[in-house]
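Each of the next two complexes has chain A plus one more chain, namely chain B in the first and chain C in the second.
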Partner chain A sequence: MADLEVRNVTVVHRKTVAIKNASLGASESEIVGFIGADGAGKSSLMHAIAGVRRFEGEISFDGVVFGSPKEAEKLKPSIGLMPQGIGLVLYKNLTVSEHLSFFSKIRNLKENSTLDAYRHRLLKMAGLERFTERQAGKLSGGMMQKLSLICTLIHRPKLLILDEPTTGVDPLSRRELWEILEEIRENEGTIILMSTAYMQEAEKMDRVYLFDSGSIIASGTADELKKTVKKYVYSPVPCESKRCICTDRYTYSLDSLKAQHKKPTLEALFFVNALRRNVEIPPIKVSIRESTEPIAPVVMEAKGLTKRFGSFVANDHIDMELRSAEILGLLGANGAGKTTFIKMLLGLYPIDEGELTLFGKPIKSAKDRRSLKTRIGYVSQRFSLYKDMTVRENLLYFANMHNIDTQKASRRMERYAHELGFESYMDSFPKELPLGINQRFSIAAALLHEPVVLFLDEPTSGVDAIARSQFWQMLRLLKKRWGIAILITTHYMSEAEYCDRIVLLKEGKKIVDDKVENLHKKHPKAENFEDIFLHYYERNNEF
Partner chain B sequence: MNFDVIRAYMSKEFKELLRSRLILIVYILPTMIIILFGYGIRMEVTNARTLIIDNDNSKISRDLAERFHHSKYFDTVTVNAMSESEALNRIKQAKTDILVIIPASFEKRLLHRQKSEIGVFIDGAFPVRASTMENYVKGVIYNMAKSLHIQPKSLITINNRNLFNQAMRDEDAIVPGLIGLILLVAPAILSALLIVKEKEEGTIFNFFSSPIKKSEFIIAKLLPPLILHSVNIFILFLWATWLFEVPFRGSFLLYWIAAQIYILISLGVGLLVSIIASTQIVAIVLTIIITIIPGFLYSGMLMPISSMSGESKIEAHIYPVMYFNHIVYDTFLIGQGLDSPKNQLYLTILLFYALFLIFLGAWLMKKEIS
Partner chain C sequence: MRVFLALVTKELIGFLRSWGLVAVVLYSFTLDIYITGKGIEMQAKNIAIGYVDETGGGMSKKILSRLHAPEFQKPVPFMSTKELSKSIYDREIMVGLIFESDFEKNLEKRDRASVDILLDSIAATQSFQALQYLQNILFDYSKTDFPVELKIHKLFNQNANTSEFMAMAEMLSVITLLGVVLTAVVFVREKENGTWDIMLLMPIDPRLIILAKSFSQVLVIMGGVTIATGIVLFGVFDITINGSIAAFFLLSFFYAFTSAGIGLFVAAVSKNMLQVAQLSILIMMPLIFLSGAWTPIHAMHPLLQDLSLLSPLRYYIEGSESIFFRGTGFFDLWNYFAGVIILGSVLYFYGFRKIGRLF
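Here is the complex of A and B:
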C-alpha cells in the first residue's frame, strides 16, 4: 500500500524557517490540497517531500523512510514533481513530442508499444495531439501547464506533487487539468499533493491543509474546515472593532454580531485566521484626485482593431468602448489575445488594421499618443519594478518619468502608501514584500500621474485571498472617487463578478460584451461566472 | 551509469544549441578572437612617419637618410633645413612619429673620428611603441657606423641588443598563445551556460526530481561542449598555419592531445562557475574574468614567463595557462615534442589539473535546491 507520511518536517532556507514541524498523511487515490498565502511554506514542504530540498524530520512513502534528498533518491522513480511557474520545466525550443520522448528517456522507460500507447493517451487527455510538432515556447500558458503535467505523469508516479499547477491558467485549461488528475488517480491510484490559489479547486479535494507563516494551522475536508469558521461569518455589515473585517460580500468577526450568518467559503479561513492572529488589515482608502480636469464619458473607442503575427491573427477586428467610472473585465483563455489587445491600446504593438480613438482623439501615429501618455496608467503581468531600488526610490523614479514635481510627488507617495497600506514597506526592496503589497505598490506607481484610464494585466495571479479582496476594494474606490476607467484581465472567474462589464475574447475574436448582471440573466442556470465562461468557450465556433 | 539517459540529455542539448543558434557562438567566437587579436596585437612598428633633417647634406648623411628610406619600418621625409622647434611641433601635432636631426659637418667630424651627436626625438605617447621605434632607429645608425668601421659608442649611445635584424614575426609570437587563450575561455563559457541555463529557467527540477545520477548529468552537460570545441582545435590550427603563416615544427599529435586535455580544464572551470552562478549573465561574466585575465597575463604573449619573478612567477605556475602554452609554442616553433622531459611533465600536470577541477566540481554540485 502506497501511503505517504510526513512527520515533523522543518525546512530552513538561508536561516529563515520556511516551514516548521509540518506533519501530514495521505493514502492511495487521495487528492490532498495545500492552501495558504504566498510564502506560507507550501512550496518548501513540497520540495522536501519530492526529495529535492534538505529538511529536518522524517518522511516515509511506500515503505521507505527518508530524511534527506540523498536517501530519497531510491524513491524518485515513483515520485513526480511539477514545480511552480508556467511551463517551468519545459525546454522552450523543444517540441511537444520531443518533450515526451526526453522525459521517457530520462525516466529510463522501455520504448515499447505500451509506452507509446500511454504517451498517446496522455497527449489526448491534454488535448495536445494536434500540436505534437509545436515548440513548447510557442504554446499558450494553459497548454504549457498541461504539457508539464503529462511529462510529469509519463513514468506513472505513485506520488504526484503539483505546486500551483493552475495559477495563471484559464478556466477551461484548468478544468482539463483536473480531468487528467481525476483519471490518473482513478486508474493508477496515485496520491496527489497539490497547492492552489483557487478555493473552488480546494473544495473538490479529499483533504485540505491550511498553511500560514510557516506552519500548518488547520486540516480536514473542505466542509470540516468551513464548519470551524462558520460562526464568524456574517452578511456584510460595517465593522466596529478591530476584531472584525468587512469585505463587500461578507463580514468576518470574532465577536458575535447582530447581523445574519452567511454560509462560509474556504476563503473565510484566511480572514478568520488573520483576525485570530491579530494581523492588522488596514482598510483601503482612496481620496479624490488632485487634478480637477473633467473626464470624458467615453475614454477609449476601438473599431475593428486587428493584430497579426505572420499568418496568425492575434486580434481579429475587435470593437470595444471603455467608459469612465467603469471596471471592464477582459476575459479569455490563455492565448486568446488579451495581452496583445492591451499592448495595442498602449501603443506597444503597432495596430495592423482598425481605428483607435483615445480621449476623443483619433490615434494615427506614435506622435498622437505622446501627449496622451500622461493620462494612461499600466501595470503589466510581471510588475515592472526595479528590484535593486527601494519602494520609495521606485515610486520617485516613476514620478520623475512623468515629470511630476518632486515635492508634489513625495506628497502623493506618502498619501498612497498610507491609504493603500504599504507605509511600513517604503524603504524595503520589492523582493522583500509580500506579493499582495507588491501588487498594490505597483498600482500606486501607475497612479502617481493621476491617469484617467488604468490598464491592469492579470494583476491578481498568485495573490492570496485577503490581498485580493483589498485589491478589489481599492479598484472600486478608484472607480467611485476618481471616476476613472479601469480595464483588467484575470483568470479568477470569481473576480469577473466584481466587474461592471465583461468582454470575452476567444481565439482573437470578441464573443461577448455585456454587463455582468445581464449575463447572469441570460444564463440563469449558471451557479457562478465560471459556468458562464465555460458555456461560451465550449460552444464551438458559433459566433 | 545509464548511457541512454546521458544520450537523451545530450541530444536535447544539441537540439537546443542548434535551435537557439548558440552553436554560432561556439564557432564564431574562437575564430573572431584569433583574427581580432592575431591582427590587432602588434608589437612591431612599421611605416613610422620619420622626418630627417639633414643639416650636413654630405655623402654619409645622405647614405644614412637612404638607409632609413629603404627600411619598411620607416616612412621618411628628408629636408635640408627646418628649425628644430618647427620639427618638434610636428610631433606634437602627431604628424610625425620620429625626428632625426643630422648635425652640420657630421661627415667631417666623423671622418676625423670626432664625437658627433645625432638628435633623435620620438613620440612617446605609447611607451612600448616608442621604445620599439627607438631601437629601430638605433639599429639603423649602428649599422651605418659598422659599415664605416666606427665604434658606434662614440657616435651615439646605442643599446647593445640588436632587435632589429632578428625581429621575430609578431604572428609567431602571438597566435599560438591565442589558441591557449581561446581554448580556455570558450568551452568554459559554454559548459557553464548549459548548466546555469537550466538553473535560471527552472528546468533543473527535471534533474532534481528524477532518478538521474549526478555523474550522468555532469557527463551529459560536459560532453557536448567537449565535442563541439574539439573541432575548434583544428579550426584554430588552420587559422594559425594558413592565415597567419605560423610555422609548425613539432608533433601534431602532441598539440592535439594537449589541446583536448586543455579543453577538459576549461570545462572544469565552467562546471565550478555553474555551481556558484545562478543566472546566465553572471556565469558569462564570471567565466570571462576567471579565464581571460590569467589566460592573457600568463600566456607568455605579453611577457615571457622566464622573465617573471616573485609573485607573478608563482601565480603563473598556479594557473594552467603556462603549461599549455609551453607545449603549444614548442609544437609550433621549436619542435622538441615528447622527447623533452619538460613537455612530458607539463602534459602530466595538465591532465591532473583537468581531473582535479572536474572531480572538485562533481563533488561540490548538489542534487538539491541550494
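Here is the complex of A and C:
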C-alpha cells in the first residue's frame, strides 16, 4: 500500500516563497490534480515531492519519510517526473525505440522478456508502435508528449508526477494521454499527481487542489469545490460594486444579486477567490479607432493555398475567407498546419500553390505585401517581444517602425495601457509581467498602428482563467468597436465557443468551415465543443 | 531616417542591457589586449640558469658574472652534471653550463677550450635567444682575426619591443572577432527569442533593417577601438603614433563593416548562439592566421602567401602598422584602404544578400 503524505511543505526559490505550508495526501490508484494560474506554486511543489528540489517540511511516501532531496534518493526508483514543456525530456535525434532502450538503461532495468513485453505494451498504449524508427524531433507535439509519458513510465513508478502534460496538446492526443493514465493506475496502482490548465480534465480527477499565489486554497472533488462557490455565481448581469465581476457568460458576486443563479464551473473558483482577496480586476475597455479608413467586407481570401516541406504537405489546397467584424477560430491537432497557414498568409513562408488576396489585392510577391503590412497586426506564439526593453520602449519602437507621429503614438500608448490594464507596468521589462498582462501588452503592440486584421497564434496558452476571460472580452470589443477581422488559433476548445466561425484543419486539409451555432445545431448531442472536435477528428473517412 | 535611428537605438539599448555582452566587449578591448601584449614574451627574460664548475674558478667565474638580470636569474651552482640534468628535467633550470676540469688548462695551453651547454628547448624562441646571449659573451673572450664589426640600426620600433606589436595585432584580431560575433548576435537573438517574424512584418524595407542593425554594431566596435587605443595602446603601452590617428580610425571604420559583413553571413546560416560561436571561430581562424598577425607573411608557404592577399585583415594590419610605426602619410596608405574597402564591399554585399534572402 503506497501512500503519499505531504506535510507543511514550503519551497523558497531565491528568496521568493514559491509555495507555503502545503499539505496534501493521496493513496493508491488516485489521480490528484493541481490547478491554478502560472506561478501559483504548482511546479515547485511537484519538484519538492519528486525529490529534486530543496524544501522545508516533511514528505512521506511508501513508508519512507524525507525532508531533503538527499533523503529522497532511495525513493527515486519508484518516482517518475515529467517536467513542463512539450518534448523536454526527449532527445531530438533519437528514435522512439532508442528512447525506450535509453530510459531502460539509465533506470538500470534488467533486459528480459518481461521488460520487453512491458515496452511493447507502452508503445501500443501510446499508439506509437508504427513509429518506432521515427526520430523524436519529427513527431507531432501530441506524440512527443505520449512518448515522454511512456519514457517516464518505463521503470513502473509507483508515484507519477506530471507537470502540465496536456498543455498545448490537441484534444485527441489529450484524450489518448488520459487513456494511458487510466490504464496505468488501474493495472499498476500508481498514484498520479498532475497539474492541468483544462478544467474538463480536473473534473475527471479524484481530488483537485486549487493553488493561488503560493498556497493551496481549496481541495476536494470537482463537485465539492463547485458547491462551495455555487451561491456566488449568476447569469450575466452588469456589476455595480467592487465585489463583483462580470464576464460574458457569468456574473460572480460576493453580495447577493437579484439575478438568476447559474451552475458554476471550476473556473468560478478562480473568480470568487480573486474577489475574496480583493484583487482589482479592471474592466477592459476599447475605444473606437482613430483611423476613419473604411474596412473592406472581405479582408482575406485564400484559394487552394498549399505549402509543402519536401514530400510533406503541411497545407493542402485550403480555401478560406476572412470577413471584417468576425472572429475566426482556426482549430486542429498539433501539426495539423495551423501555424503554417498563418505564416503563409503573413508571407513568412512562401506560397507553393494557390491564390491569396489581401484587402482585395492579389498577392504575387513580397513587394505586393509591403504596403499592406501597415494593415496587419500579428501576435506570435509565446508572445515574446523584446525582453531587454521596457514595455514603454517596446511600444515606442513599434510606433517608430510604423512611422506613427510621436505625439499621437504616446497618446495611443497611454490609452491602450489604461484600457487594457497595464498602466502600472509601463516601465517594467516584459519578463517581470504576469503572463496575462504580457499577453495584453503584446496585443497592444500589435494594435498600435490600428490594423484592419489581427492574426493571433495561440495567444492563450498558459494564461490563467481570469486573464483569459479578460482577453476574450477585449477581442469581442475590438470586433464590435473597431469592426476588424480576427483570426485566432487555440487549443482550448472552450474558447472555440467565443468565435463566430470555426475552421478545422486535419493533416493539412480543411474539414470543417462553419458558424459555431450551426455546428451546435448539427450536433445537438454534443455537450461542448470538444465533443464536436473529436467527432470530426475521429472519422477516418472521405476527407 | 527616423526608422533608421529607432532601429539603431533599439540595438544599442539591447547591447547595453545585456551585461554579459558588455563585459566581454570591455574585457576584449582592454585586459585581453594588455595580457597578450605583456604575456606573450618572445625575448629572453628572467631565465633560470645553472652551472657545474669543476675548474676551481678563474675564467669560468668571469663568464658567469656576466649572466645577470633582466635576461638571467642568478646562476645556480650544481655539484655534478647529473644533478644539473635532473634539474633541467624537472624544469627548475632552463639553461645549464658545464665547465669541465680541463677548461682552464686548455684555454691557456691551446687557446681553445669547450663549454658544454644544456638547453631546454621546449620554449624554442626563449632558449635560443639565451643561447645567442651566451655565444655573444663567449665571443668576447675569444680572440678572432675576423675584422668585420656589425653596426645595427633598429628602425620603427627602436627598442625592438615585441609587446607593442603583439598588443596591436591582438587589438586588430579582437576587432575582427567581435565585429563578426556582435553583428551575428543581433540577428540570431531575434531568431532565438521568436521576434524574427515580428521584425519581418514591419512595413519597412528589409535593407534598411539590415543596414541599421549592422551599423549599430559597427558603432559598438568603434567605441571599443577608441577605448583600446586610448587606454591600452597609448596609456599602458605608451605607443607613439607616427602617422595620423584619423587615418587609423577611418581604416578601422571600413574594416568594422568588413567584419560585420562576415557577421551577416554567419547570422544567415546560424539558428542559435552556439552555432554563431562555432562558425565565427571556424571562419576567423584562417582569416587571422593568413593576415600576418602572428606569422610574418614572407615566412609563409608561397601558396599561403597568395591566399593571404584575400584576407582583409592583412591590409588592415599592414595599414595600421604603417600608420603607427612607419608614420606613412595619408595618401600613401591608399593601397591598404583599397584592400580593406574592396574586400570589405565584397564581403558585406555577400552577407547582405545572404541574410536578405531570409526576409
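Simple rule for what comes next: the second predicted complex is superposed on the first by the 541 of 543 C-alpha atoms of A that agree within 3 Å, B and C clash if a C-alpha of one lies under 4 Å from a C-alpha of the other, contacts with A are read in each partner's own complex, and residues count from 1 in each chain.
In this section, contacts are C-beta pairs under 8 Å (C-beta built on N, C-alpha and C of every residue); 3 or more make two chains touch, one makes a residue touch a chain.
Predicted, not measured: the structure shown is a model, and the values here were computed from it.
Would chain B and chain C fit next to each other on chain A once aligned, or clash?
They clash: once the shared chain is superposed, the two partners overlap in space.
Quick check for you: in the superposed arrangement, does A:Thr374 touch first (chain B), second (chain C), both or neither?
It touches chain C, and chain B stays clear.
Report for A:Ser410: first if it touches chain B alone, second if chain C alone, otherwise both or neither.
Touch status of A:Ser410: no partner.
Now for A:Leu346: first (chain B), second (chain C), both, or neither, which partner does it touch?
Touch status of A:Leu346: second partner only.
Of the partners chain B and chain C, which touch A:Asn21 in the superposed model: first, second, both, neither?
It touches nothing on chain B or chain C.
For A:Ser213 in the superposed arrangement: first (chain B), second (chain C), both or neither?
neither
Would you mind checking which of 151-159, 169-177, 223-231 or 241-249 on chain C runs into chain B after superposing?
The segment of chain C occupying space taken by chain B is 151-159.
Shared contact residues on chain A for chain B and chain C?
none
What residues of chain A sit close enough to touch chain B in their complex?
Interface residues on the chain A side: 47, 50-54, 69-70, 73, 76-77, 79-81, 83, 85, 88-94, 98, 101-103, 105-108, 135.
Once bound in the complex, which stretches of chain C touch chain A?
2-3, 6, 10, 13-14, 17-18, 193-195, 197-198, 200-205, 359
Would you tell me which residues of chain A are touching chain C in their complex?
Going through chain A, the ones touching chain C are 343, 346-348, 366, 370-371, 373-374, 376, 378, 380-382, 384-389, 393, 396-397, 400-403.
Sort out for me which residues of chain B touch chain A in the complex.
Residues 2, 4-5, 7-9, 12, 15-16, 19-20, 201-203, 205-206, 208-212, 366-369 of chain B touch chain A in their complex.
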